[in-house]
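Common to both upcoming complexes is subunit A, partnered first by subunit B, then by subunit C.
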Partner chain A sequence: MATLDLKAINKSFGTAKVLHDIDLAIQDREFVVFVGPSGCGKSTLLRIIAGLEEATSGKIVIDGQDVSTAHPVDRGISMVFQSYALYPHLTVFENIAFPLRVQKLQPTELNARVAKAAEILQLSDKLKLKPGQLSGGQRQRVAIGRSIVRNPKVFLFDEPLSNLDAALRGDMRVELSQLHRELDATMVYVTHDQVEAMTMADRIVVLNGGKVEQFGTPMELYHHPATKFVASFIGQPNMNLVPGTIKEMTPDGPVVALAGGHTMTIPVEATTAHVGSKVEVGIRPEDVDLGTDGLEVSIRVLERLGGASITYGSIGDGTAFRASLSGNAPVREGETVHLTVDPAACHVFDADGRVLRRQAAPGLVA
Partner chain B sequence: MCGIILVAFIFAFGMVRKVDRFAAAAMLTMGGCNLAEMTDLTDAARAIEGTRRKVLPEAWFAWLLVAPAMLFIAVIVAWPLAETIRLSFMEADLGGEHYVGLANYQDLLESRKFHDTIIRTFYWMFLSVSLKLILGLIGAVLLNAAVPGRGLFRVLVMPPWVIPIAIGCIGWLWLYNGYFGILSGTAQAIGLTDGPFEFLAYKNSAFYSAIVTDVWVGTPMVTLFFLAAMQGVSRDLYEAAWVDGAGRWYRFRRITIPQIMPVIVSMALLSAIWTFNSFEIIWILTEGGPRSATTTLIVDTYKTAIGNFKFGEGAARAVVIVALLATFSLFYLFFLNKVNKHYGVK
Partner chain C sequence: MMDRYTKLQMAGIYFAITIFLIFILLPFFEMFMTSLRPLEHLFRSPYQFWSDDFSFDAYSQMWVTVPLLGRYILNSIFIATSVTAITMVFVIPAAYAYARLDFPFKSASLAIFLGVNMFTGAVLLIPLYRVLRTLGLLNTYWAMIVPGVAFLIPTGIWLLRSYLEKIPRELEEAAYVDGASRMYTLRRVVLPLAVPGLIVVGVAVFIGAYAQQFLFAITFNQQRELQPLPAGLYEFIGYQSVTWNEMMAAALVGVLPVMVIFLFLQKYLVAGLTAGAVKE
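== the complex of A and B ==
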């Protein structure tokens, strides 16, 4: 199969620069997800890899071969579009066979390959139908079928699940992960949904404003976000960011006075901060517990999900604070509660939004 | 007439607004009494429904909406058609009319000249429509291509359609003129002909000259319709095909043509009917001559009924035209339905 290297990719549309020096090395058989908010350049980057857009500068290397100016077919990629881009006038069979017809493949070989793809995607009994007669999930599968018959080196997916309803999206997520294992291929997948990224990716590229914020495994991103942006983008509900000031430096880490009056010694390496620095402390909603001391939080809204209770409230100075408590936590809307925080679970970001390295590394998967 | 319809529609829409406003007012009063009672949405919907029924029954209201269009069709289409059919069984001239039964039709059936006219009309239609479709398709492809300055070209397509047909045809009259026309002049200059050539004076050249002018008038609209259809084809389809290695011609053949096929078929039908009934171009250029070389059914009908005051015989010809076009349209609609089904539109 194939490796995919992006070297210093830049892209401008007129005067608007949408991608800044993207450097990525994607390994063979890796499932990499580009994730980021709308307009972060993730789709543009995918289209550049596909050959649908030309990079303003930089190189695309697939399997050691520079394909920056090559035709999509010669790059050995195939792409699944957000809209599926199925040909409405062709049957499912002909849609899947389209790339092979273009190659003028022998009929026997063509039939065999389409049949195999249809079998993998459970479309064997749908081959004679038109796309208009299929459900959303089936159309999605036809689009995938069209991309696998060509045996490409790299599969590209552009938000393929965003047109499906929530339940189906969950099913298709599992199917795609399974497909990745079956095909054992390199896949690049674009989404704005962090749940899709976390569940499917071997490694995630978080893009923001045309720059790579971080490239790492889902657990790296969760436990060691490099920036405030990654920290607040990954994880559900979003991480709380509480302003604070460094009061003192100790061997165990800086002592931080949080807004709202609570003070903690957080075990991080304060290399880019000093006493008096303004910082932001990142606390994941799932890292807090009900207690008798700690942060004082007044709860405005309570969502009981059964397995967990999500509270939305604020601490003393008005900073919003979310907490994920146990399903039957004894809290009520309008109440003020104390939430204890394990300092080792906290993240600290300096004034530029960069993380101060955590001394302890809970749950880091190598 | 149009003014009357417009007024009628404005009146009808006014009624809708009034009904809704009344319903909204009723809702508000109810809401004012007790909001909790309003939580049942079906109740609220029933309340609106009830109010509306009191003001105007829905079926009446529907009839009121379609009435202007029905009236329009009755006066403009149905009555003249009935009158024409009645007249076709009459021997009618300026002196009066009397019943002759099927005599007019019998004359047509036995007339060799009329047979020739029918064949000529279909040949005229087939040739002209084919050229319009082919040129329209080529034009639309060129206009749809991402070439610099295509905005200007899109405007340049319009003149044949925008200028009045009569003015355009008079321009062509001059082009075809043997002594002053640029075509004859150019042909002489490059040695194609020895002397002046009158394009409209000979049977064959007159027929094909009229075709050229008809195509010139009819192509722009076909082009614009095709262009609009092409621009409606999703970009993703082309990108997907491009990623799969399909070349320009392959994409045109396997994506563009199938995707705009319903428009091509509809346009072919409309264009066929218009060309079949195209009168003013032929009349201005040749008045159906020389020696009937450009006389199509519609010209023949005009000459008979209006030129020679044989209203009954003219009406019989008109009925034949209606019958032919109706059959043709039925066949076409059936075909269009099939095309739409095949290309996934329905």
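== the complex of A and C ==
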């Protein structure tokens, strides 16, 4: 299998610059997810890796070989498209066999390869059908089948699950993770769904505005987001960002006065901030608890999910605040409650949106 | 759906359709009536809509009056079929290029193609005559096929291009990523999906070729055996009299193949001509 290195990739469409100096080193057999809001350049980056778009500058290196100008087949990549891109007039067999037909492979070898792919994807009894007769999940599997018959070095997936309904998407997520393990292949996967990113990725690339915000494991991103953008993008429900001011510096970290009147000493290294600095304190909804003191939050909407209760409300100065409480938490809509926050669980971002390093971070899960 | 029409509106719509259809179909009807009447009754005054002596005699007599009639009809079909086949050979790659590739002067050349359509063949008859004479093609089937192809390519490109543009680009990208060449993709992916569009363009070209034969036939061809039906109909005009009833009968028989094609393929035609008009 193969490594994939992107070196200083830039891409402009006319005067619009969509990718800025992308540098990434993806390891052999890694499952890497590009995630970001629409328009962040993640699909363009994938298409550049595939060879469907040409980078304005920069190099693509697969397995140590510069393939920046090579044809997709010579790059050793295969791609699964968002719309599946199945050929509606061909049977499932012919769809999967298409890349092999192009290669003019011997019939016996071709049959064996298609049969093997069909077996891995549980499509063996569907080979004679046309794509129109399949369900969404099956079509998705045919598209994957077409990409695996060629034994590529790198698999590229462009939002492959976004056309499926929620339940099926969950199943396909598990199947894809399993497939990754079975094929032992390097995979690059583009999505806008942070749940897909968190659940499937070995490492996640968070893209924003054509730049890499952070490249790390899901747990790194969750516990040590490098920027405010990553922090608010990863995690469900989204992290709360409460404005505050640093009142004084102590050995235990800066003392921050939060909007709404609450003050906390947060154990972070205040290297880029000083007394008087405006900061934002990131508090994950799942890191708060009902208590008798702490943040005063008035609850507007309460969602009972059974296992958890999500509250939507605001603190004193009107800053929105979400909290994820236990399933049977004794709260009601319209009520004002106190939520305690563990200062060690808080993130602090400076005025530029960069994080102040946490001292007492939870141990990283491998 | 918009609001349902009221009864009065429906009546108005059907009234308008009726007027329109009468306007379009009356000539055909009159042709048919004429073909049924004995020649001497055609000039009867006052005009009599219904006569007692209707007969299909003209339909058998016409083969005697113009012995080559069958040949003319076959010529017409042969010329139109050849024009269609050759036109498609040129139109398919050209339309695909216009639909998918980027090249200099793309929109300018497309506009020129449209401009060619604004000339009727008549304007270019003399230059065309010289060209065909130089090439030694006068008085051959080619004299009627070559100009026919030239005048129908632009329409074909415009029609097929809009159809090909609707085929999802991702299908071609997928084929490209899998190593297929442009021509392979065109053959294995694009054309099979474009069959309805190809039928539309083929039928449109065929009808166009059928209709435009007359002008090229009477100017570029003197050989009786090669004449298509519209030119052959002239032989019903004799020195003494014109056998109108037989001419009408022959014209109707000659139009029949096109009518039949239309009836069979009209669902494709309607779907194809409006394709791309509405965003799906």
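Details
Throughout what follows, the second predicted complex is superposed on the first by the 364 of 366 C-alpha atoms of A that agree within 3 Å, B and C clash if a C-alpha of one lies under 4 Å from a C-alpha of the other, contacts with A are read in each partner's own complex, and residues count from 1 in each chain.
Convention: contacts are C-beta pairs under 8 Å (C-beta built on N, C-alpha and C of every residue); 3 or more make two chains touch, one makes a residue touch a chain.
Nothing here was measured: the structure is a model prediction, and the numbers come from that model.
Partners subunit B and subunit C clash in the overlay (superposition on subunit A).
With both structures placed on the common chain, the touch criterion links A:Q103 to subunit B and to subunit C. Contacts of A:A323 after superposition on the shared chain: neither subunit B nor subunit C is touched.
Applying the stated contact rule after C-alpha superposition, one finds that A:L52 touches each of subunit B and subunit C. After overlaying the two complexes on the shared chain, residue contacts for A:L176 are found with neither subunit B nor subunit C. In the overlay built on the shared chain, the residue A:R146 is in contact with subunit B and with subunit C.
Residue contacts after overlaying the shared chain place A:S78 against subunit B and subunit C alike.
Within the superposed three-chain model, A:G132 lies in touch with subunit B and out of touch with subunit C [touch as defined at top]. By the touch criterion stated above, A:V114 is placed in contact with neither subunit B nor subunit C.
In the superposition on chain A, the residues of subunit A touched by subunit B in one structure and by subunit C in the other are 50-52, 71-73, 77-79, 81-83, 85, 87-89, 98-99, 102-103, 146, 150.
By the touch criterion stated above, subunit A contacts subunit C in their complex at residues 50-52, 71-73, 77-79, 81-83, 85, 87-89, 98-99, 101-103, 146, 150.
Against subunit B, in their complex, subunit A makes its touches with residues 50-52, 71-73, 77-79, 81-83, 85, 87-90, 98-99, 102-103, 130-132, 146, 150.
Within the complex formed with subunit A, the residues of subunit B that make contact are 234, 236-237, 239-246, 250, 254-255, 258-259, 261, 342-345. Subunit C makes touch with subunit A in their complex at residues 168, 170-171, 173-180, 184, 188-189, 192-193.
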